[in-house]
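In the two complexes that follow, chain A is the common piece, with chain B as its partner first and chain C second.
Coming up: the complex of A and B.
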């Protein structure tokens, strides 16, 4: 009973703890994203100044370029950064044992932790997504803006995938399984980058979102194993 | 919760391995393409089949126009090949002063041969590409001689065509109205099903677009002096166009190619805007599954269709489009692929050489991998029995159909 009555306050407290823990990673990721987004936009501006806006349309429509390649791996980096910053201290300083003893159900606790990282990444990705959308809508037709924005979605999914996997790897107690999880993560993330053609992933975005969200269960698996004492 | 996390982990691991292992195998065992290059001789009316391998001299064989095969053909040296295929090697012949005045009853010169040269390719990858729904319109009759990059794009709606000025990203209502009216007056039914154009200022002339309307009629549309030029292509009755390809080669007599909904190919003549069906012996062609290469010359039109089953070469008379030669090269499975069939029960790939889309494709099912699957399953079962591991036993059962893809995850992850 005591656990249940304490839960809402405890959830808030965990949320506050996670925000404090990830604040540096969050601002670093936001800074990195802002830098590469501005770099991409300046690159397009440079093309417009030197070759004219017609060239941007021509290259985009005939050469399958979206001028956003410089931001391609940034969401992935952000996902890794936030995931590691959030979960590594739990294992390094053995804080996870203490965390798991907090008066809060295990799954709610983990979901609150993951929701914090997920939310922070969503804020970063949304800022970038909107910035690109607003910039492009001024210079190209709405259909082309959608084309560019849809092309960035697999990169964000790769970012979330990297986040969930880095969390699962950090929360795992055995080094052998950590390595295997990391290899599987590398394989899954690669799948989002193997086809560079714009619009290539449009048909699989919905199933990919579902699979990405299901990856949260990998973290649950790691926690369960940790509680079972499967630690090196 | 724990069970679900296990299921997800194993499912993800099996999926990743099903893609990664065949990919790694293909990367480590590259094999050269065995497809030969063919030309049709206007002099001997035979196929000239050339095969070349890195570091080796090309093997050139003269093969009968119909039903011939390489093994029964005559080997010829490079110099004879040059003389037999002057439409391709006329520069070599001119350099040695060997180009005759007349070939197959036609007066020839290097200039004449060059003027009638044409080369066109299209691949399923290009045909199946995802387009954003905006196209560019060039000016076919520029003030200066050279073509310039397009200044306007357009979208096709349910009711018409809408032009957009690239400079300020606004709609050009006047041009949109003029083109819509011109197209509707010629019988174009919006929206368009297919559009084909070569948008580049590097070409010598612009023929605009070949467009297929919602009823499957084919139109030739371009911008001349800012005004619309719309012409309907005359097709045989009851034919519904499915895919069109504009050509724009130095030989202007052919406007492009087209296939209908029955996958029958047609050549579109510029003169009279007529779609001429290729002889039925040519066979059907699905441009969404097969790549097309056309080499045109003063004498003949040589076409190669390449698909998953191999390549087919056809030669047509340049004037009458009569079939004058036919040779097929079925796909030969390499030893490397045969070995893979014993290891992998199936392969999973996210990409394909036939389109530019990313989605999972399970293919290359092989029952030959069943013995290996059985062996691996038995190994896993014995290990599971020793360790009294239920998960590993399930893994053994899955290894039987899924082979090495299930064996590795259950072996490596099923130790606790």
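Coming up: the complex of A and C.
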């Protein structure tokens, strides 16, 4: 009798499948992020050219402006794009059954899938984060650079939240539950954008990170329900 | 003999509504090929979904390799090759990518079996599955199934989209493969003539019940097509008589199907006031005739 257990080959194979499936969404998200990051940087450069770098300092200190509004919703869009690109093909013609029939533990399988999307988003977000950090460190003080970077963190969390929720909505088999999940997702994501003042989320970032990571349970719940045949 | 699949008192409904079947029980012994036949909507795919653990049955118990299907271990899943209805596969992959992907999961993977079938398709290994015709996609899915070299093959409507030549090739290949390697197959198909060449036993489902479960050879031997000329135009059709299937008015008289011997059939007809003096019985010519004889022509 042939036997198998979960092997690194299986994990690699699932990773390769997920990368293949999401590569277009990944490059689109990266392009989108690069475009808006460059746009934001060019905007600051224009202010520096016309009014001088002191003007940038002044606005940042006096008016609490960080010149990063144009990139605010980009991580959210990336999260949605990667999540939908990854999970929608699984639900077309109930293709998820193929994945669930693979001979490896199902929670580990799902976690590998989610880790792929999470990893791709992390690469995109890190590139943007580093680009912003490097640029700002050349024109403003290190403390202010940290302040700017810290203020972008809720937007990345919104991106991860959108990713996990879009995955859970796609994997959920019942339309009624899908709608409920989508509404909850909209509510949770909005929470990251309702406070326009920089620094407004400083005290809640750590719990928000924990809650975002716990959203993986929503996806596991959807898979369990799918296996029970609770689908429309 | 060891049973690879064991189903006991399976009961299932569509949602909370129509009964698909009640107390369905059957076994699939090792090395046999069982065909599940039925009209659209009689529960063939539902049965496969239950057997593969994608649907929780409302009643009853299913075991594969002795394990309860909702708790099937990954090791056991690696022994089952599953062909989903519509020959669904990862269409964003190419012919070679998908082979490489699956080969990581199945220890007895037979690359040559897959590429042997792919050669007949005249497509390049770099061709994306989504760019292929429906028939070609089906052939890729079947190639992957055979390459798994699994102990149990579960095939849902395997002949869908295949041209006659490839269907014949696959049926012959599958039969040789299954018999020489002592594999077990549980399958459904809309093309009954394919199953006739392939299956040992068959279950014929009707809406809400099993019509028969027996070896194909017995079915063909025991099922009779009866013909008679009605005594008068207003003589009723032999409807609602136990053991009599699909009565209808034909061009040259009336006909129905039954497993009953001629004397018993005549007696049951007489009880309903049907004389059927010219009653004659005939063997069914094919499994398709038997299927239509039992399930009717809609």
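In this text, the second predicted complex is superposed on the first by the 225 of 232 C-alpha atoms of A that agree within 3 Å, B and C clash if a C-alpha of one lies under 4 Å from a C-alpha of the other, contacts with A are read in each partner's own complex, and residues count from 1 in each chain.
The criterion applied here is as follows: contacts are C-beta pairs under 8 Å (C-beta built on N, C-alpha and C of every residue); 3 or more make two chains touch, one makes a residue touch a chain.
Everything quoted here is computed from the prediction, not taken from an experiment.
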Which partner, chain B or chain C, touches more chain A residues: B
Partner chain in contact with A:210 - chain B first, chain C second, else both or neither: neither
Touching partner for A:13 - first (chain B), second (chain C), both, neither: second
Chain B and chain C footprints on chain A, overlapping residues: none
Residues of chain C defined as touching chain A within the complex: 49-50, 52-56, 70, 74-80, 82, 84, 86, 88-90, 92-93, 97, 100-101, 104-108, 149, 151
Touching residues (chain side chain A, partner chain C) in the complex: 1-7, 9-10, 12-13, 16-17, 20-21, 89, 93-95, 97-98, 100-105, 226-229
Complex contacts: residues of chain A adjacent to chain B: 52-55, 57-58, 60-62, 64, 107, 138-141, 143-144, 146-147, 154, 174, 176-177, 180, 184, 187-188, 191, 194-195, 197-204, 211, 214-215, 217-218, 220-221, 224-225, 230
Interface residues, chain B side, partner chain A - complex: 1-2, 4-6, 8-9, 12-13, 16-17, 19-20, 129-130, 132-136, 149-151, 153, 155, 164, 166-167, 169, 199-200, 350-351, 356-360, 412-413, 415-416
